[in-house]
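Consider the two complexes below, in which chain A is the common component and chain B and chain C are the respective partners.
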Partner chain A sequence: MSGWLSKRGGWLGVYAVVYLVFLYAPIFLLPTFAFNDSTVIAFPLQGFTTEWFSGLSGVPALTGAVKTSLLIAVTSALLATTLGLCAARAGVRYRFPGKGPIMGLIMVPLVLPEIIVGVSLLVVIVSILGLPLSSWTVILGHTLICTPFAVAILNASYQSLDTSLEEAAIDLGETPVSTFRLITLPLIMPGIIASLLISFTISLDEFIIAFFLTGAEPTLPVYIWSQLRFPQKLPIVMALGTILVAASIVMLTLAEIMRRRGLKKAGKKDTGGFL
Partner chain B sequence: MSAGQGLSEAKKGLLLAAPPGLYAILLLAVPLGAVLLLSFWSQDFLTLDRTFTLKNYREAFSEPLYMLLLGRSLLISGAVTLVTVLLAFPIAYFVSFHVRPERKSLWIFLITIPFWTSYLIRVFLWKVILGYNGVLNTALLGVGFIDEPLTFILYNANAVVITLAHAFAPFAILPIFVALEKIDRSLLEASRDLGEGTVRTFTRVTLPLAMPGVVAAILIVFIPTIGDYVTPDLVGGPNGLMIANMIQTQFLKLNNAPMGAALAVIAMVSVSVISLLIVLVTMRWSRRGA
Partner chain C sequence: MKPLITLSGLHKSFGDVEVLKGIEAEIGEGEFFSLLGPSGCGKTTLLRIIAGFETPTSGVLSIDGRDMSTVPANKRPTNMVFQSYAVFPHLSVAQNVGFGLRRSELSKVEKAKKIEEALGMVGLAGLGGRAAHALSGGQRQRVALARALILEPKVLLLDEPLSALDKKLREQMQSELRRLQRQVGITFILVTHDQEEALIMSDRIAVMFDGQIAQLAPPQELYRRPVSRRVGDFIGVMNFLPAEARLEEGRDIAVEIAGLGRTVLEQEQCPAGFVNGRGAVGVRPESLSVLFDGEQARGEVAEGEVAEVIYYGDMTYYEIALPGAPERLTVSMKNRAGRPVLERGAAARLEWDASSLIYFPS
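Right, the complex of A and B next:
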């Protein structure tokens, strides 16, 4: 035991495990209460039930919210990844005037409080342009906050891409467009998929911006927020949360597999993490 | 080189950077400017009075409630930052120095997963954990650690700090981890060869070199937490409400967007000034240490 301790960093290793428990505590509690046969979210547990999950299917407002959220998440992921591809290629490959400020501005939403993004878009759309709020206004906001993550992921893809491959294709007579399609795209495809999945997950879970910008059709988190006010709805929310978290974990695991595949393709050493 | 046919490098770069750049200008820079502009206008019932006025700022600085909320928000965000970064550093250090290289990405993945999963539900679960009949109290009562439920952990600022420290943990760990990974390990060997102990090596070599990561962690936690209104709303109680709750109320409930805009501007300026001070102080400190 003491040998194991010293090898793995001693008490630091113990601390790391305790810290992981702290990080995962809410996630483990979620399914615990989702399958608990009681309308009160508290211990002791009352027995096993799948009632709350079957209760999910009969709510039209929920089905609507899921559809709205999926539409918003897919569109935002596509837009953010497209913008991220442009920014990452420009940032890694080219030197141009104003590069620092432009790249900096694109990454700003990473540190900006989300309420500021929500409020500022609300001001422009409603107070100044006088346009109605809709799913599109949420998409505009989500694309803005997903783009920095897409850029970070795709930067790594472009950095590990050997430029001589593209040059060789051009020298052999391919056009820039066909070079991109035949050489670049397949090599950075894992990064693109990882970026799509991460952006999709961020948009699907995002609440603060959606709350400000959502129109008549609420997104899933906005719907959940409205249900948190009713104690008798809480077990159903727990069931919904369990599904949402499970879906997020599956998508993140796929994204991580893609990221590693991308590194392997490029023959690079794994340095960990997306950012 | 034939890849450079036609267009110059600068033109190609600009052309590529244009779509994301324009998107950020139109949907970020311009809207931020609009908030600033709006904060100098005023709301006259249902109509927006577009004459320049400092009325909102006068009101913000003279109304005790606004200043109380701002002060509390800065304190809570400061406490969250301190707690998060102090708890995060040992984890980043452990993963960087004690985990086998091929295992590192798995650890980082495990650490980031909770961060990506539904934020709203995670916050709500902290309410379940910290409540009077909550998980923590039931567990502590069960093992006989306490005789009656703890009440200082829900519906106050403590609950907000705990919940936000949990939500922002990966944000603090990642930049510190990246900084630690960049440290040339031979420097640490050199320090030990020259007779420095483990502690001195840490304080004189590792910590100063990790400082850029620590500063990044501080900023990346401190700035966004000031804008959180979900956590104070769900677990904060009346004495845990923050400035963002007031901004949200002004915009969505009181229909006084100019006042909300002024409060948003004041909050952002305060956070930026404090962040700048943090950066300047640490820069001076690490220069002296070097």
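Right, the complex of A and C next:
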């Protein structure tokens, strides 16, 4: 056995490598076939092409799905972050009866199966309220599942914010509202941006809830799913998937950079974040 | 002394816990006033009530003759230096110091001039452009001071401002704060748990235990005439010996002190009041002395043994065991040229004087 392997935990190293391969190999298959010059998704590879990427722009239904998804993701991210900001402030700064259970219930969608959320929202919206399905119903569902993430991120921002900073601003003559604008907001801004980015990413690639609640205009993941029936379109779907994965990685990296910058700005030590 | 702040019957409870139990005090204009007490006795809570961050459960606080119960924190003539300094990390030093001027009518140039003046006052001239999060602890504290003083408040509130600094810097800041207070002439209220700091800096000190003011007096009176055994023990070092006291004819009090014997005290030596019976006698280490060979006693003498010697360079502290005394007595002696330092275990002649004793009934 080589020296470094035994020194660093023996077969645990091998385990880690196998684990990572298992986790990420499928994701690497996406770009592999997205650039493969064949409509058949199979080895051996047939040569390099960007045909599938250029083919993306020629599909109007696809452009529509991208627009719908962006609209839903931006709106859900804004709503979830606003709600998360209020919940985090309440949770960290104030005491009120029933605080524990209330904060717990806000976080529950984090572990609730999405299919349950999707089906129950569908029942409530269609059968009980009698409303038509539209992008707004998807936004409702996505806000619900994004809010716990927003709360978790903004909780951390609020916790690392020294209460006496806000008190000092009041002491120097500011009102609670101007204190929030001048002191609180700038100091938790990295957390707000991180929350927006993560909520946006979650909403953008969420499938199950969107599938149940979408109206006439499908979101991008729902559109992709509908295209899987046509084998000749698979490479285009691969190209689309590649773009989505790349965009998600960029977003999450930005979110993490923002979170770390926030800690540094407040002069705090990193206690481990989401990523 | 013209009173500026009046605290009357202030109570504060958090839930079932009563943190302040009836605070009565008057704080004068231009006075350096300290709230001194062990951690958890309610000092910060009292300071925050004065600043307006906490509302008293009952009682009245008035500043400059005005009841503060309906005045919010941002409208009070007070400014605070927080224990954590609370320097805004996303602003520059100048923006921090000028923060309170945002709402003033002054022109940009006048504001900049005021900021530079305030920075100069705390020894940070020329550092206005620095980022606040890049400052050292001592510098951040100076920024917090300048930021609070620039608004020319009637009262400056300081919550343990020096406790995070190392010893050298702390001593330097103690004298600097005192100088600053004389220079600006406004009332300073300092919260501290460090009795030495309070003695050095204050005009008057309120010693607090368990949410009550145990004694409010100038430093010298506090040190010389503590009104309770607990105050005497908290301020400096005090030796206690069990004693039994009885009122003699006239005004004198006869006491029988364990280890020292019988003597007579005057009424002033009972600042806590007097009752016949058992109690304790307190005496400061510097009021006792050890006699060296050939030295003539001027006061009374008790024979004992040196149980411990602690050498400080300028001073030597002896612990003397006296027959009949349940505890050793600490004696501090100045080290002079030619004066020997006694060895542990040596016989010691302890000189004491009845006028330096304080009697506390139990």
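As a convention for this text, the second predicted complex is superposed on the first by the 264 of 275 C-alpha atoms of A that agree within 3 Å, B and C clash if a C-alpha of one lies under 4 Å from a C-alpha of the other, contacts with A are read in each partner's own complex, and residues count from 1 in each chain.
The rule we apply is simple: a contact is a pair of C-beta atoms (placed from the backbone, for glycine too) under 8 Å apart; a residue touches a chain by one contact, two chains touch by 3 or more.
It should be emphasised that the depicted structure is a prediction, and the values quoted were computed from it without experimental measurement.
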item: Chain A: partner with more touched residues, chain B or chain C; value: B
item: Chain B versus chain C as contact partner of A:228, first or second or both or neither; value: first
item: Which of chain B and chain C A:81 touches, first, second, both or neither; value: neither
item: Chain B versus chain C as contact partner of A:199, first or second or both or neither; value: neither
item: Touching partner for A:69 - first (chain B), second (chain C), both, neither; value: neither
item: Chain B versus chain C as contact partner of A:172, first or second or both or neither; value: second
item: First (chain B), second (chain C), both or neither touched by A:135; value: neither
item: Touched partner set for A:187, first chain B, second chain C, both or neither; value: second
item: Contact residues common to both interfaces of chain A (with chain B and with chain C); value: 167, 170-171
item: Parts of chain A lying in touch with chain C, wherever the complex brings them together; value: 162, 164-165, 167-175, 183, 186-187, 265-267
item: Chain C - residues contacting chain A, complex; value: 51, 53, 73-75, 78-80, 82-84, 86, 88-90, 99-100, 102-103, 133, 144, 147-148, 151
item: In the complex with chain A, residue positions of chain B that touch it; value: 1-3, 9-14, 16-21, 23-25, 27-32, 34-35, 38, 48, 87, 90-91, 93-95, 97-99, 102, 104-105, 107-114, 116-122, 124-126, 128-129, 131, 133-135, 138-139, 166, 169, 174, 177-178, 181, 219-220, 223-230, 234, 244, 247-248, 251-252, 257, 260-261, 264, 268
item: Residues of chain A defined as touching chain B within the complex; value: 8-9, 12-13, 15-16, 19-20, 22-27, 29-30, 33, 41-44, 82-84, 86-87, 89-91, 93-99, 102-103, 105-106, 108-117, 119-124, 127-128, 140-141, 143-144, 147, 151, 166-167, 170-171, 176, 198, 201-202, 205-208, 212, 221, 224-225, 228, 237, 241, 244-245, 248-249, 252, 256, 260, 270-275
